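Read through the structures below before going on.
Each of the two complexes below includes chain A, the first together with chain B, the second together with chain C.
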Partner chain A sequence: MSKGKHFVVPMVCVAAVHLVTFLSGFFAPYDYSEQDRHLPYAPPSTLHFRDAQGTWHWRPSVCALVERPEQFGVYEEDRTRCFPLAFFTRGYRYSAFWLIQSDRHLLAVTPPAKIFLLGSDGYGRDELSRLLYGGRLSLCAGLLAAASSVGLGLLLGTVAGYYGGWCDAIVMRCVELFLALPWLYLLFALRAFLPLHVSPSQAFLLLIAVLGIVGWARPARLIRGIVLSEKERTYVLAARMFGGSDFYLMHQHIAPRTYGLLLTQAALLVPQYILAEVTLSFLGLGVAEPVPSWGNMLAALQQYDVLVSYWWIWAPGFALFLVCINYWRLASAMQVAAEGTAHWQ
Partner chain B sequence: MKYLAHRVLQSFFLLVGVSVLSFIFVELSPGNYFDEMRLDPRISSETVSRLRMQYGLDRPLPVRYARWLDSVAKGQFGFSFAYNAPVASLLWPRARNTLVLTGSATLLAWMIALPLGILSAARRNGLVDHATLLFTALLLAIPDLLLALGLLLFAVRTALLPAGGMMAVGSEEMGAWDQTKNLAIHMIGPVLVLVLACLPTLVRHTRAAMVDALNLPFARAARTHGISPRRILFRHAFPVALNPLISLFALSIGSLLSASLLTEVVFSWPGLGPLLLEAILGRDFYVVTGAVVLASVFLVCGTLLGDFLLIAVDPRIRMEKLA
Partner chain C sequence: MVARSPNLAIAVSICLCLLSQFAGQAQSVSEDVVANGTETGHQGGRLSVSLRSEPKTLNPVTSVDVSSREVIAQLTADLVHINRLTLQTEPALAKSWKVSPDGLRYTLRLRHGLRFSDGHPFDADDVVFSFRVYLDEDIHSPQRDLLVVGNKPIAVRKVDPYTVVFELSQPYAAADRLFDSVAILPRHLLEESYKSGKLARAWGLDTPPLQIAGLGPFRFKEYVAGQRITLERNPYYWKVDRDDHRLPYLDQINFFFVPNADAEVIRFKAGDSDVINRISAEDYSNLEKDQSAQTFRLWDLGPSLEFNFLFFNLNTALPAQSSTLARKQTAWFRKVKFRQAISLAIDREAITHIVYRGRGTPLWSPVTPANRLWMNTAIPHPERSLQGARSLLQSEGFSWKQDGTLLDPTGVPVEFTIITSASNAQRTKMATLIQADLKDLGIQAEVVPMEFHSVLDRIFQTHDYEAAILGLSGGDVDPNSDMNVWLSTGNDHVWDLGEPHPSTSWEAEIDQLMEKQLSTRRPEERKAQYDRVQAILAEQLPIICLASPNILVGVKSDLGNFKPAVLDPHTLWNSPELFFDGQEGGRHP
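Up next, the complex of A and B:
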């Protein structure tokens, strides 16, 4: 297999997931907080291509759900009340990070029928919509946190490696300090000392900051190693002879040599941070309801009846698995390209 | 000996650094345990400020840190506001439970990883090798959280394993043998999660180290001399591969402790994890600090143990570091 081929599949998968979650407003049939108290834990809807009379239709339809009398959470389809799906319809307004504003939606169905492609949760909220919106939050938190911790690592690692001496000593002692702690304990400790009750957007920023701080040590150490060897290179010395300032040398000649490593480190860190966000939200220390994240959606599984009875609540877990496996593959493809072999193979 | 003393001293300063760091974080954080009390109209503000004074929260940071160090020296690790007891009395039983869990998980994981890694290195590109590679790749991608939840589902569905906890209700009246049996059954779930969580890294590193060792010129030379493959594998290659594996052992403790935190919460195992979570939600800072410092003590001890082992097995390091 050629080198490029290792990249393509995971790259496309990762890009697709990010795109779909970024445009969650378009793909999600409902808003993440839209409840239907009459339909808690509704199973995934069936799409019908045949109506009650047995005629075939190209356009699939969804039937209204009726709760069985005296049985909580058991539903039957009312085949006499089926409603065809509508595509590209107008609905509630949404925005994708203030960039795109629209009210077009991929899918909709007229009430009282509801389209729950992945079922509904305990408040009758559409699991698919929440999965998409939650994915937007979880994936963005992972990306931004990885970017900030790699950025912090680049800054401190370059400065420590370039200047050496006491500057290097201080940074490296800090690195050892951060690496000495088990990362989840460190994450918990940092989270512990920050306010508990915060608004969702503050919680999001807080998470990014905390994750960014927890993970800067490893990239910083690796970058310092590269900078130490790069600053002795002849072309760097030549540039210095020509009177290049410290900042110019670091920015123009030394830092670019670390970008390959930075990218690989970022690809390794993103899934870890997504997992960290999920873990924190799962334990109630991250983003709070009603804003969904994959972590607080999975938190419903801490109740035994949900864990056992409603398999569609596992959807965020499955999505998490797919995202993680593709990021791992991407990272190992990068390592193969950079070093000839992935370091754990 | 000088090297070892140096390492111990370094670790000690590291722990001091961890504790200072967590104290600074506490100082920066808004609010404390007694702020919640202020909202309660039944508690007067004098009572709150008296309590603050009693626990020394009105003193400046260095004084509080010095007091904390003093209580550490007395073996108390500060005072828990929520439990109204010295932190150490809360930490010890919890730490013991965490150690029971992580200790047996480490042992079991290495007992599986070493033979599997060696076997797949010895039969490179064989059936076992490919199966192991696939299996570990799959495990590597499954998050610890999902592993724990999946096993919990298995436990609840099949009723083969108890769904969480450490002892059955009424286990106090059982005999010693029954108690041990009960504990063992409750341990299966969480230990299995931890083993599965750290197995892929261990297996892959073992395999890589063995492959490297088998590719060294001396191993090839031994083969051309007609020494049996088994002897080369265990007698010649394995001691060489041991070196990176010992470093890995020290590193794996940290990730194991982290995984254990989550597993304990999911399986409601009364270890450090649930205690830490409760303390965070209750803003019981001395407990948080105590748990974090204790976890770093475990990690530092693991690293030191790794250093000692390295010196014991690798004569090159012994010559270099002890000279």
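Up next, the complex of A and C:
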């Protein structure tokens, strides 16, 4: 029973984050590229439950912001122009991976008031909307890259472990090579060779491909170890004696023994790849403006003044922290579970 | 008679001596007094200044990087100097000069009795030697290009120990400005290494201080690799103040090295440096918050000479592997109405507000308001108008798809990439704003920030780009300093490099006007010619000017006579007159 408990909290958190970012169009009040050039670095909006006369309202309202003359990024609320929040209204059209198309939004407010729950960035774009859209990109990149490198690792690790001999030698030398290469510098070099025209979706796919290819070596080595020991087990030998083909043995008997490890590996790799995407985008090797990712959003903090003056620009960093912590908790819960089952057998 | 009464002779000679000394002093006071209106300071103190990179050399002949030049400027002096405040030339080592009626011969009279910082006297031989070195083709001095007028180097001739004649092969407007920042070298220290062909490598940072001497206000004292360069007061400096006190006031200047602009700001805030040059608008607003509590003052000098601009690849010689799309793009870029439409669609006010936080000036011409002597004030400043941009595009046969995408006359969607330097956050920001502006017009522009050297490589070598954002900053206000940008054969003619002859009629006209102003001697005529050049540029838009950042500097409150200027270097140009007020000077350990 206690095993289940370990799972529940991180599992729910991770699932919730993925769901919210998947439906970012619904939760985001604005499009990620919509600039309000009169409101750069606007602080998070204040929600007013009392109007100017002091009357209480259940529906909070937001007031228009006015920049102080000659003072960049210093705003005053115009209490004469306050507008109540509207829920489930129609706005710009969005889609979630071509699955859902809609124009319903959770929150909206009548212009000129703007609902910036997490403030705005240097171009006057809503930080919350960008956080959600950026999260969708960063988390998806992490998931897909982890899936591809675990998949590749499973394939090559199983083949190397099962067949042994020169096949094993080649794969394992490749593993060593991939573990030893200085990847960051290779990526810098690679970017210089790419054509200038890289659309955001191409850049995204490229990012996943690069991360997946870079990361297959470690899971492959772990899986090879398991396969090496599993292929000598008596039930595998029995199955082989009954005429099971190589593919049948790998698919039916050996590979399932690695799934526990694979899941743990995946849960460890996802946050690692999310961080890798953030690093690459931070350094300008990921998706380009105006498409947000947590990495290129955090890149704004490279400027000292932004770092010390506008705390809400840190939001992607906190989101990143929460996601990674929960993934790691999930991974350790899985490891405990995997060890438990191993003992039980 | 003299022999008969030696006493008299001695008395007379003493008298003469006194007279000449008095005369010399009177002369030095009248000649050397610093600009009126400066405060009389007092001796002492050490000025700390941060440099964003370590200087590469102390050799004025071969230095190219900003840090080296900043230090060398304190060690050396020139014959004629451009006053950073008035923007006019004024006597320096030469006390006066005469121009022959045909404008081909400049006769410079040197000041008497000057000494290098090691005590060795200075005369015309040093001047002749210096110019021989700068003009030597084997030394590859960056100053050489300036000193070659009409394909022939300037000829230098010594008339007597204090008179030098410079001869030009053709009349050159404002030739006196050429002498600015051409540091005079000590012949007694450098002739040997020049003769043995080692001059280009002389005066590295590891040179013993005694082997380096100049005519500047300070002399080299110590270099600690990775940390600092210390200069000390030059006791032989030739300027005096109104009270006949020999300048400079400061005892030392300490240049220390910081890795980047942020570190520079933090060190200034902490009180480690006394002066900070080139503050970005972000850092300025950050420092502003602490200004009241701290002991420094911030200066916003208004527009600088720097102009940032967007330009399209108009190269006639394109790389061989250019695709059909690239050729299509060149066809758009070559249409002047296309360029005008882009210019109309750009929100320059937003650029100054968001990129420069209001501390910048929108530009419609490369000559910024900082250049009050040469700016053409008649150039229109059209406001952003999408409607205007649309009708310009329509008249060239462009149309729009249902979803708003702009299509060219053959039905191809209009899209291009803008390259910019990734290390320049401000230009990347401009590109992102322009990207959003052009989206309103239905144009898909991708911003590609890349390493600065690859940007330069693509623009100047391979010509493999579509559009780019760059910034240029003239070293001087005079139009001659921008010749290489506007002449179609110029090395910095960024939009179309290496043209054998001008590819358009308006470029031909610019060439003609620029060549003509070069030899025109009447300032009003030159102004009219340069105004016309600016008008052509504003109409044809080979470069679409965006904005100019303000010059922002900061200084400790107790530094006297601090007068930042528009011309580079903004702050230390009057270092001999700087002094610390009160007891606080030189408190840095």
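Rule of thumb we're sticking to: the second predicted complex is superposed on the first by the 321 of 345 C-alpha atoms of A that agree within 3 Å, B and C clash if a C-alpha of one lies under 4 Å from a C-alpha of the other, contacts with A are read in each partner's own complex, and residues count from 1 in each chain.
One rule holds for everything that comes next: a residue touches a chain if its C-beta (ideal position, glycine included) is under 8 Å from a C-beta of that chain, and two chains touch if they have at least 3 such contacts.
Being a predicted model, the structure only gives us computed values, none of them experimental.
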{"item": "Partner chain(s) touched by A:Y163 [first = chain B, second = chain C, both, neither]", "value": "neither"}
{"item": "Touching partner for A:G122 - first (chain B), second (chain C), both, neither", "value": "second"}
{"item": "First (chain B), second (chain C), both or neither touched by A:F83", "value": "neither"}
{"item": "Which partner reaches more residues of chain A (counting touched residues only), chain B or chain C", "value": "B"}
{"item": "Partner chain in contact with A:V308 - chain B first, chain C second, else both or neither", "value": "both"}
{"item": "Partner chain(s) touched by A:Y75 [first = chain B, second = chain C, both, neither]", "value": "neither"}
{"item": "Touched partner set for A:G317, first chain B, second chain C, both or neither", "value": "first"}
{"item": "Partner chain in contact with A:G284 - chain B first, chain C second, else both or neither", "value": "both"}
{"item": "Touching partner for A:F7 - first (chain B), second (chain C), both, neither", "value": "neither"}
{"item": "Footprint overlap on chain A, where chain B in one structure and chain C in the other make contact", "value": "192, 196, 284, 302, 304, 308"}
{"item": "Touching residues (chain side chain B, partner chain A) in the complex", "value": "14, 17-18, 21-22, 25-26, 28-31, 137, 140-146, 149, 152-153, 156-157, 163, 201, 204-205, 208, 254-255, 257-259, 261-262, 265-266, 276-277, 279-281, 283, 285, 288-289, 291-292, 295-296, 299-300, 303"}
{"item": "Parts of chain A lying in touch with chain C, wherever the complex brings them together", "value": "33, 35, 37, 40, 70, 72-73, 122-124, 192, 196-199, 284, 288-290, 302-306, 308-309"}
{"item": "In the complex with chain B, residue positions of chain A that touch it", "value": "173, 176-177, 180-186, 188-196, 275, 278-279, 282-285, 298, 301-302, 304, 307-308, 317, 320-321, 324-325, 328, 344-345"}
{"item": "Residue numbers on chain C that touch chain A, as the complex places them", "value": "261-262, 265-266, 281-283, 285-286, 347, 350, 353-354, 357-358, 417, 419, 422, 425, 428-429, 432-433, 435-436, 439, 446-451, 454, 465-466"}
